[in-house]
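Each structure below appears as C-alpha cells.
The following pair of complexes shares a single chain, chain A, combined with chain B in the former and chain C in the latter.
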Partner chain A sequence: MQFFETTLSNGLRVIAESNPLAHSTAVCFYVETGARDETPEVSGVSHFLEHMVFKGTPKRTADDVNREFDEFGAYYNAATSDESTYYYAFILPEHLERTIELWSDILRPSLRDEDFETEKQVILEEIRMYADQPPFGADDYCKALFFRDHPLAGSVLGTESTIKQLTAEQMRDYFQHHYTPARTTLAVTGKVDFDELVTLANRYCADWTPGTLPSREATFQTATKFETLAQPSSHQQYLLQMSLAPGGQDSRRYAADIITNIMGNDSGSRLFWDLIDTGSAETVQMWLGEFLDCGTYNLYLSCSPEMLEENLSMIQRHLAQVDREGVSEEELELAKNRICSRMVLSSERPRGRIFSLVENWTLRSEYRTLRDELESYRQVSITEIADVLQAFPLSHPTTVTIGPLEKVEVA
Partner chain B sequence: MDNPIRSHQLSNGLTLLAESMPWMESAAFTLLLPCGSVYDPEDRAGLSGLVCEMSLRGCGPRDSREFVEDLDSLGVDRNENVDEAYTILNGAMLAENLPAALAIYADLVRRPHLPADQLEAGRRVMLQELHGLEDDPQSKVMLELKRRFYHSPWGRPSQGKGDDLKKMTIEHVQEHFEKTYTPQGTILAIAGKFDWEPLCEQVETLFGDWPGEALPPLPAQPPKPQTDHLQYDSNQTQIGLAYPTLPFSNPDYLKAAASVSILSGGSSSRLFTEVREKRGLCYSVYAGYHSLIDTAGILCYAGTSTDRAQETLDVMLSELARLQQGIDLSELTRMKARYKSALIMQQESSSSRSSFLAQEWFFRKKVRTLSEIQAQIDGLQLDVLNQYLAEHPAKDFTCFTLGAEPLEVSHAVL
Partner chain C sequence: MQFFETTLSNGLRVIAESNPLAHSTAVCFYVETGARDETPEVSGVSHFLEHMVFKGTPKRTADDVNREFDEFGAYYNAATSDESTYYYAFILPEHLERTIELWSDILRPSLRDEDFETEKQVILEEIRMYADQPPFGADDYCKALFFRDHPLAGSVLGTESTIKQLTAEQMRDYFQHHYTPARTTLAVTGKVDFDELVTLANRYCADWTPGTLPSREATFQTATKFETLAQPSSHQQYLLQMSLAPGGQDSRRYAADIITNIMGNDSGSRLFWDLIDTGSAETVQMWLGEFLDCGTYNLYLSCSPEMLEENLSMIQRHLAQVDREGVSEEELELAKNRICSRMVLSSERPRGRIFSLVENWTLRSEYRTLRDELESYRQVSITEIADVLQAFPLSHPTTVTIGPLEKVEVA
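So, the complex of A and B:
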C-alpha cells in the first residue's frame, strides 16, 4: 500500500492509496456539501441535486449516462449526508479513464427544467417510501430537537413541502456556490497508477472554475428532551436517542466508538444481552455519529408497544450505570476484537477502504493506514473510557419515541 | 484467473469444499445444512427458524454467553439465515482463527444445548421479528408473494406463524433438530487463506463421526398463477409480481438469469429506465432471479403512491411482455460487462467465494471455476438468447399487492 496526494491549480484535491495486488479500483468524487449547508427554504436540495447529476450534460443525455456506466460494468452510486455528497464507482482497473471522464462530465450537469420536474416525482416517492418505513421520519425529528438552531438540525431528504416548492433556479444557484473544486476531493483506492490519475484529473477537471470555501462554523447548544409521536398505523414502537459525543476531529472518538460497541453492538453487548437475547425487543443498537464540530451517541430501539416502558427503564439503568462505573477490561478487549476484525475484513477490498481514506483526508487532513486505525483502537484504556464518559456522558439523551402509543411514562 | 478449488467427501455424506486465496489475511466459511422451512410440519410453521435460534444459545462446553464471547474473542463476523431449502451459517475472520471457529460450529450443529429454560426467550425473538415485519411493507410484500407463488411447503417463510410459534415446546425443537441436522447433504465451504491438509484432517476430526440419515426429498410443486391483495394503511402501494423460470440446476439457467439482467441489471436496464427514469413512477423497482431446487421464479418489485400504482404495474407488465421480442446487441454487451466485473471482484472477498461454493454444490453437485463461468457468459450468442426469450415468454403471473386499493392485472398478459 502506498499513499499519494496532490492539489490541482483550481483547488481540486487528488489522493490515492495504491495496492498493486488488487483486482479492482474504487473511485470517489467527494463534495463537501450536504444538509448542513442548506438554508431552511431549500431543505433537501443537496440530495435532490445528487439525483440530478445523473440527468445529463450538454454532451450526454440521462440515458447516455446510465448506459455508459453499464458498458464497462461499473458498480456505481451516490449518497448524500449531513456534511457531504459523494459519487463513487467500483471498476476494473482498465476502465479508470472512462470513469474519470464520465464522472467529471456529469459533475457539471445541465440541470434542465424538464428533467428537474420528472426527478422531483422520484424524490417525492422516496420521501413517501420512508414515511411508510420505521422510524417514520422520527430520526429527522430527533435530530431537529437535539441540534435546535445548529445547521445539523436539517433533514437530508427535506419534506414533501420543501421539495414541491423547490425550483430548478434555486438548485442551479446552490450548485454554483457549493460544487467548487476547492470543496471536492477525488479519491482512489486499489489498483491505480497515481501519475496516470493526476494526468486524467488534469485532463478532465482542470476547467472546473475555482470557487471559495465558505465557512461552516456554527455554535450550538444541544437540548435534552423527551417526546412521544403517535403513529397509529405502526405495529411496533420505536425509540431514538441522541447525545453529545467527541467530534470527528477529536482523538477521543476511538474510545467513544468502543463505548457504543460495548453498550449497543448487535451481538454480545450489554443491551443485546438484556433486550435482544431475552426477546424483549426486536432491535437495539448504538453507534457513533461523526461530524466536523461534534459527534453524537445514537441509540435505536424497536419492540412491541407493551414492552416499551420496561425496555426504556432498562436502557436508562444501563446508561446511568456505565456513566457511573465505566467498563471492565474483559468487555473492552471483546469490543476491540469485534471492531478490529471487522475493519480488517472490510479493508481487504478497495471498496472497503475508499470512504475511510477520503473522510480522513477531508475531515482531518491526514492519511491513516489500516494499521494506524487498528492501533488507535488497541491503545484505548479503561481509564480513557472513564474520562470520555465523564466529559460526554450517555445518560441524558434527547429521546423520541414513535408508534401506536400515545403517551409514554418515563420513570 | 482461477484459484485452486478442492473438495473432500466425508463418508457420512458431508462435503468439504475449499478455495485457496493465499494472498488474503482472512478466511471465511459457509456451513450449509439442507434443512429449511419447507421441512416445518404443517401446524408448526417457523420450527426450523426456532431450532436455528435455539442452537445459538449454547453448545458443547459453552453456555449461551460463552458462545458469543468465544466468537467475539476470535473476531468472527457471523450471520445465520434459514431459507426455504436450507439453513446457512456464515463466518469470516482472520485466517489464523479459522480452526478455532470451526470447532465451535461443529459443536453448534452437533451438540447444541437447546436449553429448555431459554425457550421462551427464543420464541419471543421469533415473535418480535414477525411483529416487526408488519412495519416493513417492502419485505412483507415479497414474502407474501413467494408464499402465493410457490405453494406450500415451498413458499413458506422461515419466520413462521405467531399462533404456531406460541404452541411449540422444547420437545418439538429437540425432535426437529434430531431429524433435520444431518451430515447427509451438508456442505462446508471455505475460502481464503488456509492449509489444505491440516484443514481436511481437522474437518474429519470434527465431523467424521457425525451420524445421520438423509432428509426425504420433497416433491416439486409447479407454481399456479393468481392475483391477491391485502389492505394496508400506507402512503405507497407495494407491488410484487412473479412468473416461473428455469431453476439454477438447469443447464440453460444462465439464459433465464440473463433475462433478469436485461430487466434489472444496472441503471440502463429496462425496468429502471421505463418505470423510474422516463416516468418518475417510483424510487425503487427491480426484478430478481430466485431459485429453489426444482422450481424457480423471476420476482419483481415496485413501491409507489396509490394513485400511480396501476400505471406502474401496467408498465412493468408491458416490459415483461416485450422481452419476448428479444434484446439488441448493446444490451447483451452491457450484460456481459457486468458479469465480468462481478466475477473478478468476487475474488476480493473470501465470504463471497465461500457462499458461492456452497450454493454451486447445493444446486449442481459441482463447482464451476471462474473461467468456466466466464466461458459460458462469453458464449451467450444474441440469436440463441433471443430464441430462448421468444420460446419462454413471461406468463402465468402471480401478482400480490399491499396498500389502499387492489390493482387490475391486464388479462392480455394472463
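So, the complex of A and C:
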C-alpha cells in the first residue's frame, strides 16, 4: 500500500492508496456539501441534485449514462449525507480512464428544466415512501429537535413543501457555489498508477471553474427533550435517542465508538443481552455519528408497544450505570476485537478502504492506514473511556418515540 | 490459488482453494439436503432445522453459541435452499480452529423438545411475514404449479399447517438421515493451510456417524399454466414466470445464463429498455435457477395494475422474438462483459469464491477456477445460444400474477 496526493491548479484534490496486488479499483468523487450546507428554503437540494447528476450533460443523455456504466460492468452509485455528496464506482483496473471521463462529464450536468420537473416527482415519491416506513420520519424529527438552530438540524431528503417549491434556478445556483473543485476530492484505492490518475484528472477535470471553500462553521447548543409522536397505523413502537459525542476531528472518537459498541452492538452488547436475548425488544442498536464539529451517540429501539416503558427504563438504567461506573477490562477487550476484526475483514477489497481514505483526508487532512486505525482502537484505555463518559455522558439524550402509543410515562 | 481435496474415513469431504495473499478465510459446512429432500408431511423441516442448529448442544447453550461467534468478530450465517443447507463464517485466518470447533459442535445439535416448541413460533412468524410481503407467496405457488409432482415443487419455508404439525421426533429423524458426513462438505477459501484444515476436520468431525448418500433422482414433467391470484390489499401487481432451462450439470447452462442476462438483466437488457426505461414497470428481471436435474428460467415483474396486460404482452412478444431470432453479436458481447466483470469483482475476497467452489464440487464433482468460469462464458457463441433456445424455449412459461386484479386477459 502506498499513499499519494496532489492538488490540481483549480483546487481539485487527487488522492490514492495504491495496492498493486488488488484485482479491482474503487473510484470516488467526493463533494464536501450536503444537507448542512443548505438554507432552510432549499432543504433537500443536495440530495435532489445527486439524482440530477445522472440526467445528462451537453454530451450525454440520461440513457447514455446508464448504457455506458453498464457496458463496462461497473458497480456504481451515489449518496448524500449531512456533510457530503459522493459518487463512486468499483471497476476493473483497465476501465479507469472511461470511469474518470464519465464521472467528470456527468458531474457537470445540464440541469435542464424539464428533467428537473420529472425528477421532482421521483423525489416526492421517495419522501412519501420514507414517511411510510418505520420509524416514519421520527429520525429526522429527533435530529431537528436535538440540533435546534444548528445546520445539522436539516433533513437530507428535505420536505414535500421545500421540494415542491424548489426551482431549477435555485438548484443551478446551489450547484455553482457548492460543486467547485476546491470542495471536491477524487479518491482512488486498489490497483492504480498515480501518475496516470493525475494525467486523467488533468485531462478531464482541469476545465472545472475554480471556486472558494466557504466556511462551514456554526455554533450550537443541543437540546434534551422527550416527545411522543402518535402513528396509530403502526404495529410496533419505535424509539430514537441522540446525545452529544466527540466530533470527527476529536481523537476521543475511538473511545466513543467503543462505548457505543459495548452498549449497543447488534450482538453481544449490554443492551443486546438485556433486551434482545430476553425477547423484550425486536431491535436495539447504538452507534456513533461523526460530523465536522461534533459527534452524536445514537440509539434505535423497536419493540411491541406494551413493552416500551419497561424497555425504556431498562435503557435509562444502563446509560446511567455506564456513565457512573464505566466499563470493564473484559468488555473493552471484547469490543476492540469485534471492531478490529470487522475493520480488517471489510478493508480487504479496495471498495472497503475508499470511504475511510477520503473521509480522513477531507475531514482530518490526514492519511491513515488500516494499521493506524486499528492501533488507535487498541490504545484506548479504561481511563480514557471514563474521561469520555464524563465529558460526553450518555444518560441525558433527546428522545423521540413513535407508534401506536399516545402517551409514554417516563420513569 | 491452489486447490486441495480429501475425504475423511467417515465420508466427510474437505476441500479448499488456498490463497496465501488473502487476509481472511471463508469457511462453509455445506449439507446436501433441502426442501427437495422432504416428504410433503414434513415440508419446511430443513429450514426449521437450520434454525435449531443454533439452539445449543450438549456442550453449549444457545447463548454460548452467540457469545462465541461474537468474541472473535466473525461474520456468520446460514441458509436453506431447495437442495442444500449451508453454514458459513468469514473470519480472520487465526480463528480457523475456533470456527471449525464451534461449527462442528453445533452441527450436532441437541434438538431439545422445549427449544423446538419455542422456535416453532419464530418459524410461524417468518411464514406469516413472508405472506405479508410482495409477491405474497406467489413465487412458491408458481414453483408448485410448474414442478407438479417433482420434489422441487415443495416450499423451503413449509406451510403453517406442516410446521404446526411437525414434531421434534420427526426433525430428529430427518437430521439423522440427512446430516450425515457423506452428505456434508467442509469448504474453505482464502488464507488456509490445508494440512492444518484436515487435522482440524479429523479432530472435530471424525466422530460423526457415517451414513449413506440417498438417491435424489426424480422424474418430472413440468406444466405450462396461467393463474391469477387476487390480493385486494396490494397496491401493485406482481407477476412470476418459470420455464425449463439447462440444469446444473449441463454445460449449456452458461449460454442459458447469458440469455437471461440479455433479456432481463436489471439494467441494459431488452426488458429493461422497453419496460423500465419507459416507466411502464417498476421492476423486471430474469435469472437462471440451477438444480441437480434441471434448470429454470425465472422472470419477475412488478408494475401498476393498469399496466399489467400491456407489460405482459410486451414480455410475450420479447420472449417469442428471442426464441425465433436469437440474439445479436453485440448483445452477446455486452452480456459477457457484464457477467465477467461482475464475477471478477465479486471473486476478489475469499467469501466471493466459497459458494462457487462448494457448488462446483458437490453438484459437478469438479474444481473450476475463476478463469475456467470466465472462459466458459467467453466461449459461448451465437449458434450455441440459438441451439439452447431451441431446446429450452422461453416463450411457454408457467405464469402466476397476484395483486388487485381479479382477472387478466392474456393476448
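The criterion applied here is as follows: the second predicted complex is superposed on the first by the 411 of 411 C-alpha atoms of A that agree within 3 Å, B and C clash if a C-alpha of one lies under 4 Å from a C-alpha of the other, contacts with A are read in each partner's own complex, and residues count from 1 in each chain.
Throughout what follows, contacts are C-beta pairs under 8 Å (C-beta built on N, C-alpha and C of every residue); 3 or more make two chains touch, one makes a residue touch a chain.
From a predicted model like this one, the values you see are computed outputs, not experimental measurements.
Chemist: Clash or fit: what happens to chain B and chain C when chain A is overlaid?
Modeler: Once both complexes are aligned on chain A, chain B and chain C clash.
Chemist: Once the structures are superposed on A, label A:Lys164 by its partner contacts, choosing first (chain B), second (chain C), both or neither.
Modeler: A:Lys164 contacts neither chain B nor chain C.
Chemist: Please work out whether A:Cys303 is in contact with chain B alone, chain C alone, both, or neither, and reply first, second, both or neither.
Modeler: After superposing on A, A:Cys303 lies in contact with chain B but is clear of chain C.
Chemist: Contact-wise, after the overlay, does A:Glu282 reach chain B, chain C, both or neither (first, second, both, neither)?
Modeler: The first partner, chain B, only.
Chemist: According to the contact criterion defined above, which of chain B and chain C contacts more residues of chain A?
Modeler: Partner touching more chain A residues in the overlay: B.
Chemist: Look at A:Ser234 in the shared chain and tell me whether it touches chain B only, chain C only, both, or neither; answer first, second, both or neither.
Modeler: first
Chemist: In the overlaid three-chain picture, which partner chain does A:Leu334 touch, first (chain B) or second (chain C), both, or neither?
Modeler: Once the two structures are laid over each other on A, A:Leu334 reaches both partners.
Chemist: Answer with first, second, both or neither: which of chain B and chain C does A:Gln133 touch in the superposed model?
Modeler: The first partner, chain B, only.
Chemist: Just to be sure I read the superposition right, which of the two partners does A:Gln121 touch: chain B = first, chain C = second, or both, or neither?
Modeler: Only chain B is touched by A:Gln121; chain C is not.
Chemist: Residue overlap on chain A between the chain B contact set and the chain C contact set?
Modeler: Dual-contact residues (chain A): 21-24, 63, 66-67, 69-75, 90-92, 267-268, 277, 334, 337-338, 340-342, 344-345, 348-349.
Chemist: Quick check on the complex: what are the chain A residues that touch chain B?
Modeler: By the definition above, chain A touches chain B via 21-24, 54, 62-63, 65-67, 69-75, 90-92, 118-126, 128-129, 131-134, 233-236, 267-268, 273, 276-283, 302-304, 333-334, 337-338, 340-342, 344-345, 348-350.
Chemist: Over in the complex, which chain C residues touch chain A? Could you list them?
Modeler: 21-24, 63, 66-67, 69-75, 90-92, 267-268, 277, 334, 337-342, 344-345, 348-349
Chemist: Given the complex with chain A, which residues does chain B contribute to the contact?
Modeler: Per the stated touch rule, the residues are 23-26, 64-65, 68-69, 72-77, 92-94, 120-129, 131-132, 134-138, 233-236, 265-269, 272-273, 276-284, 303-305, 330, 333-334, 337-342, 344-345, 347-351.
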